[in-house]
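Below, subunit A partners subunit B and then partners subunit C, in two separate complexes.
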Partner chain A sequence: MTAHHASPSVPPHRYVIIGNGVAGNQAAEGLRSRDPEGLVTIITNNRLLFYNRYLLPLLFRSHKDWRELQSHSADYYQKHRIRVIRDVRVTAVDAGRRQVMLAHKEPITYDTLLVATGGRSYLPEELADSRHLLNSFGTYEQAMAVKKALPDRGTVVMLGGDMIGLDLARTLLSIDCRVVLVTHETTFWPHQVTPEVRMEFLNVLRDMGMDVIDGDAAGGVTAIEPGTAGLPARRVVFRQGGDVYGDVVMPFYGLVPSVEFMMGSGTDIERGILVGTNLRTNDNHIFAAGDVCQIWSEQEHAYRFYYGYQNVRAMGAVAASNMTGGNEHFAITQNGSLRRDGHGHIDSSFWAYD
Partner chain B sequence: MQFSDDPRDIGWVRTNVPCQNACPAGTNVPAYIRSIAEGLHGQAYEINRESNVLPSVLGRICSRPCESACRHGWPGNGEPVGICSLKRSAADLKDSGHRITERLFAPTGKRIAVVGAGPAGIAAAHDLSLLGHDVVIFEKEEKPGGMLRYGIPEFRLPRPLLDIELHNALRLGVQLRTGTPVGVGKGAVRVSTLLADFDAVLLGTGCMAPSRLDLRGIPPGQDPSRVSQDVEYGLHFLMDLHRGQNKRVGRRVAVVGAGFTALDCARVARRLGGMEVTIHLRTSEEYIPVTHEELFETKREGIRIKGLRTPVGLQLDDNGRLLGVEFVQNRLGGWRDNGRRLAVPIEGSEFIETCDTLIIAIGQVTVNDFLDMRVELDRWGNVRIAENGMTSVSGLFAAGDFVHGASTAIQAIGHARKIADKIDTWLVGRKRRQVVQMEPVAAPLRDHAFDFIQRQAMPTTPLPERQLTREVECGLTRDLASEEAKRCYLCDLRYQINVDRCIYCRACIEVAPRNCIKLISDVEIQKDGSYGQLLETKEWSRVAAIWIDNNECIRCGACFKVCPVACISITRNKLITVDV
Partner chain C sequence: MKATDIQIALCGSAGDGTIAAGDILRNAVARAGYRVISFDVYPPEIRGFGKCISRVRITTEQSYALKRQSDVFVSLDDSHAIPHVGEVRPDGAVIFESQPVATVAEGHHISGHIHPGHIPYGIPLRELSEKSTGGGRSRNLVVLGYIAGLLGLAAEHFLSIIEKKFTKQGSEVVSRNQAGFHAGFQAGAATFKLDNVFFTPLGAPHGSEQVVMLSGNAAVAQGCMDAHLDTFFGYPITPATSIMERLAVALPKRGARLLQTEDEISAMAASIGAGFAGARAATATSGPGLALMSEMIGLATMAEVPCVVFVSQRGGPSTGMPTKTEQSDLNAALYGSPGDSQHIVIAPTNVEGCYRCAGKAFEMAERYQTPVIVLLDLYLSNRYETVTLAVSGPPFNLNANKPRPRLEAGEVYKRYALTDDGISPRAIPGDAGCMHVITGLEHNELGRPSDQEEMHAAMSRKRHDKLLGALQHPDFTVSKRFGDPGRVKVGLLSWGSTFGECLEAMFMAQAEGIPCAAMKVVMLAPFPVQPVADFMADCDVVLVPECNYEGQFAHLVQGILAKPVVRLSRVPGSPMPVEAILGEVRRLARGAVTAIAS
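This part shows the complex of A and B:
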């Protein structure tokens, strides 16, 4: 194992991490321990420091200050000499100059770059015009916006119903909200389920008190409209006719990797950034980790996404090691199928974190 | 106003106006965008028409090489200017009684036959008629337009608009003979006959055959549509549809291909009732030669895109009906000579995608079996031409895709204009050359604040209203066009420091928003006589000049405004063609 160590004549190595989530922070920690003299910079479009997104559903049970969700305090970053540039948007990566370009035109130079921007909630392009009438659930601010818009015992219409959404759904049901699930092929994402298992767990959701609408049978969602006076604030319209009303409509169609700023950088991209199991891209100076990357699977002869807290954290550690001269390979640490808990409710390994 | 044929000035325009340089037709983009910013849409339309006779058409379907080159899209500068949308807005927003201007030459008495009324044939015929020649177009289809009419769906290019611009292009006396095939078959006019009857013949027949896809179980070269009625080439699918045939697709449609044709086929299939339409790519979305907007609208219509796969076989039932397509998984490889990404199949990774209809749209090739004489071809079957645009047969010229293979409408138009010029030279001996027209500009025409205006999104038709003939893109409003026009850096404006008057106070360097003003010891001169690299220095003793690097300059005018001795000048630079 070799790590970069700066001598008086060699300037410190500049590590830049784009993304302030689980993978990015795990990598930053690893980089700091393996290269004490290196300059570690995290760039994030979030205003807040790294916090635990798995705790966001709890905001609906009791008021939590965002600091209660925080994983690391500002002191942590100061102590570990990790510079965090917050509330900025990366617009491009100039691999030739090894610069990350920010929206306000500031270039950040790197020697080694880790892209760990994760994924954002996918909204099918046909619903793009309705975006302003939908509530996402990826950040603390978005969760608070949902909380504000949702009256007591209000109704949430969930489109799709991936495991992020179903995690929120069980919290909402527990506080007597009504949850209407409009199914889609992404229901239970990232689990890949057989038709039989899908049917079984849709019944589990019904037993938990959820209203389940067969999205396929309804022809899919064609539009979201503002509700009319005296009715809930949103109306979901189906292609085959019919509608459903809710106070809040939330898309849970899985995640799409946040890679737009990497277009034109010369880095190989399919849907995510393509990497080997060592998390290297086709550019020796650029690595990728977390939900943003597709890792080559020799077994499946395909590039695959690996989701889940533990997988993503393991990727952060592997990336840090290899960015400092190591030669480690990512191995899946978290996989699993849908299951029922002791109450007969739905449970998933993807909800686990530590 | 000054004119220059100094290679340094000509080279400056070529280097510093990347959009114009990228446009195969050489459209003066900054000039027409400036006209739009001033609200002069008719003027903007005319500037377009100087180099491209179909601005309204290209404003809708152009592949936009200009936007890929736009300085505003360079790293750190944001998104490129919506040049194509602005071109369209010039056409859409010009006055209803707009007067078209044409620069006519006296009649020459020469007769020219043009074969094919596609973009190349139309552009060449227009230019040749301006130059005073009598032109006759021979077109085998019932209506002119070629791939514009028969290959592009109406929801991208409304036919009434196409008809108007084709009419305007040909109204100066070009004879159009539609339904008149040129070839060797019965009733066809032979090329040798045209050569005997006309002073010159131009072949602009494009690429009218689909590239073949070899699939396991189908003899090489055999059309897969002969094997199953559920398999069709995209070119035939679109052309049949636009000739008025009723086309049908199954519920699950697979489209193989990565270009505009593949996207068009998928979008048509969706409108014809395809419930699950998927485009299968050999590489990935990043490397396909279509615009982001087209890709977005395609996905928005519910079409899926799946990457890293190559079709290798068909799965058919006993009656020849399609059950699925067999693919092999790919990984990304290196780069091909044409700048496209290589896909490398992974052995043993075959898998099946079930579908009811397969549309193959992997490219197009030329057809040359209509020639009744020996004409030299290249190894792809495209016709070879000499420097003067002529084929191996005297008097027989060729232009557009028939020469270069499948390309884009703007490439065909750009090439056809050049060939028209060469035909004119060959027939009557006229020669032309390019010079730079330099017009002084009194003050900067844009503010640095304009850099932060976001690219304006194209308004579109709501999804439920999208049908085969309803145009999807609605065009920019006057306000949106004006806002988008402000974003243009106006790269044709040249900022220069008069070193004889400069007092080297560095005030301009202090206010420069980027590293655009440099202290240099020398400037390299390239082989063609144009300016090359700037040799920067930080030693005052070696400073020969203070120089505005127009490659970095965003034409904000901050240096011009701050200069205490007014030694910075601005000129608008335009490449024009003059008779020798």
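This part shows the complex of A and C:
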């Protein structure tokens, strides 16, 4: 079913998608097929077209140019008439005027808006001043910076240890790097684990060769400092005394939804943007999908996040359908807990993608 | 290792410092040892809001033309840059202002126009400029720094060129601009480079030559100076003016003279007068000025007075398009003067050629006692190239035809003596025993007016035949063939600035496996009949690309050689795109046999 069809007298419908990730791109594809005449614009603060971030750990195993990670070629966007405005940041949404404001002070008008800005890695406040000494791992550029900073068989200190970090950790171990994990309540995020399961899987990590430091017992990390001459480049200092050195220190404390620019738009926000199972916000013209949104759960009587590639992709498809007049509802496609693979190593449904 | 071949285009509005940035860039990379070809496009207004584009191609070996697609494209003004954003090659970089000072109307920011195959680099140029220099005016320097930092070019050459460029405005301006450059450099160095643009390190320079950066007009001025020009008369006209401007500075330093006359007629007349008096003289103009000079050129032809006219063509006719390039004054240069007014016309094909042709023009003018027109065009006048000069000194013969020594008593001096090669002994007023008359009237050997049929025929023949010697003029390339030897499918026959594009197209065609050759014709009058005929005989089909509407050179070739050529005549106001020539070569290569058969 296609709801919006431009006739000569009706101007084409303007769909604007903020975010160039899994959800945004899935939605763009759906919008294009459901409304061939519509104007589809993706806005992103990334320089690159959509690429598979799940593959970033592989950069450490073999050289991969970013082109090899790209999900779609440039031709794809041209062929499907999907405009991608890159390397620009959305600073606000004026729901009254139906305009997205860009950091360079240009408004982009929409008829229907999809917010699919995902999340960015969370950094505890006490580490804010040490940001420049930490290496993030959200983009290709950041991954390459880590690769450059990490010597052969070097040491990575992982703070937190969410599932994004642990995915990288298993790759680093496989290339004989040393991985020191400083645990935190976000270890194994987004999995919510009982203390027993947590213990079990920390031991699994130890068995895999990881050094595990109990972050709570150490009183938490108070500072990151540049390493002194003759020692690795970074020193992680614990509140209770003691320290650990690494060539690279990486925070993996889970994600926080990127919603700041939506403040003032009139859209309901808790931690993420609140939507119903049809992914519509309280504004009829605004939808949200992916890591940025909290979806109403009838069972739990609460808004909750659903992570994982398949969930996020399904959200993109549902949003596209409903933005073009459909009436579909998001149903969870991917759930699961921590498990072990055939080698006894840690595994998770979170790491599955197709 | 792959050789360096990077083209950077900067686009902005007049006042943004676009051309200045291009100038610093080309000089800095040339100082680093790279070869450069560069061309600026700017608006006809002296100052206003017109579009300015500076394109700089940087290579390991000298290249011959700009590429159609740049590797890096900078927008300093999106309203001008948006229509050009498609000129970036796939995976190329587009650098733009991410923090404009004012609100941007929807659809008017370049970010929405960048193709998915390009890499965007949104940089807070204004902010970086303000933070580092206290004002937003150094955005052009910030962006240069950003490019240098991003591409891994050393800052030192940029900093010294910036110092040189702004030193007259005081040390504060120098350090402000250097600070802007630094801020950009740091931002560029901290940016992860996603595009595959690389500068390959260079080998040691060759000791027997020095490489300098010159524009076509600067090369002409340098050639004039190295040929010991005595006197220059001129009247300003775009795009020839900068020849005069440069000589106005250089000539007095050597005790020589430059006079700005009231118009082009006077400039030409004064040059003839100086030539008559034995001085090495020249003038420079463009199409409209050439029209005014045409009668005087006839006088110089008739009176056999050496003089050199540099003509830089622009879009015509009449006032035409003063800031756009064209090759449409060929007919005027060849035939513009009434009567059988034969003279020498030479057209350099690159900046180095501008230097050589300028110096050699004086040799020829004096040797053959005739006006010599050196035909440039705006593209050649204004484009910059790295030029290799021999450290051993200028390659010009300063004694090509010295006035004859004093006569012995009883000897009769015949200024227009009919000789085997048509060249008569030259004397200057005041040489003892060499009193003679010069006149625009037809004359006898003594210079006295004569309208005798035989004398007119003999003098016409003399004026014609003496020029043929120029086809063998020492150390001068009259024409030259490049590319595949022997039989080829397509031959490119070209003149002037378009030859660079032909050569690039030929290389590309060869790389595609098309047997291809190219010939440049530098001497257009007298015409090198034999080499061109030989070249054409080797080609299944001959293509003549040129920037004029009627195919003036094609006419010339066909008129002289009576052989068919395929024309590619265009008047885009800009250089002929290499791709247009290549497309035609491909088409002809596919159907070359049928083209001949039909």
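In the analysis below, the second predicted complex is superposed on the first by the 352 of 354 C-alpha atoms of A that agree within 3 Å, B and C clash if a C-alpha of one lies under 4 Å from a C-alpha of the other, contacts with A are read in each partner's own complex, and residues count from 1 in each chain.
Here is the rule we use: a contact is a pair of C-beta atoms (placed from the backbone, for glycine too) under 8 Å apart; a residue touches a chain by one contact, two chains touch by 3 or more.
This one's a predicted model, so the numbers in the text were calculated from it and none came from an experiment.
Participant: Return first, second, both or neither, reflecting whether A:R153 touches subunit B, subunit C, both chains, or no partner chain.
Facilitator: Touch partners of A:R153: none, neither subunit B nor subunit C.
Participant: Tell me which partner A:A74 touches in the superposition: subunit B (first), subunit C (second), both or neither.
Facilitator: second
Participant: Can A:H285 be said to touch subunit B (first), subunit C (second), both, or neither?
Facilitator: In the superposed model, A:H285 contacts neither subunit B nor subunit C.
Participant: Just subunit B (first), just subunit C (second), both, or neither: which does A:P107 touch?
Facilitator: In the superposition, A:P107 touches subunit B and subunit C alike.
Participant: In the overlay, answer first, second, both or neither for which of subunit B and subunit C A:Y303 touches.
Facilitator: first
Participant: Could you say whether A:R83 touches subunit B, subunit C, both of them, or neither, answering first, second, both or neither?
Facilitator: In the superposed model, A:R83 contacts subunit C only, not subunit B.
Participant: Touching A:P124 in the superposition: subunit B (first), subunit C (second), both, neither?
Facilitator: In the superposition, A:P124 contacts subunit B only.
Participant: Which of the two partners, first being subunit B and second being subunit C, lies in contact with A:M144: first, second, both, or neither?
Facilitator: The answer is second: A:M144 touches subunit C but not subunit B.
Participant: Find the residues of subunit A that appear in the contact set with subunit B and again in the contact set with subunit C.
Facilitator: Residues 105, 107 of subunit A touch both subunit B and subunit C.
Participant: For subunit C, which residues are in contact with subunit A within the complex?
Facilitator: 90, 97-100, 102-106, 108-109, 111-112, 114-117, 119-122, 192, 194
Participant: Mind pulling up the subunit A residues that touch subunit C in the complex?
Facilitator: Residues 41, 47-49, 66, 74-75, 77-78, 83-88, 102-109, 140-141, 144-145.
Participant: Within the complex, which stretch of subunit A touches subunit B?
Facilitator: It is residues 91-94, 97, 99, 101, 105, 107, 124-126, 128-129, 220, 222-223, 263-264, 268-271, 274, 282, 296, 301-303 of subunit A that touch subunit B.
Participant: Subunit A touches which residues of subunit B in the complex?
Facilitator: It comes out as residues 75-78, 284-286, 296-297, 299-302, 307-308, 329, 331-332, 346, 348-349, 462-464, 514.
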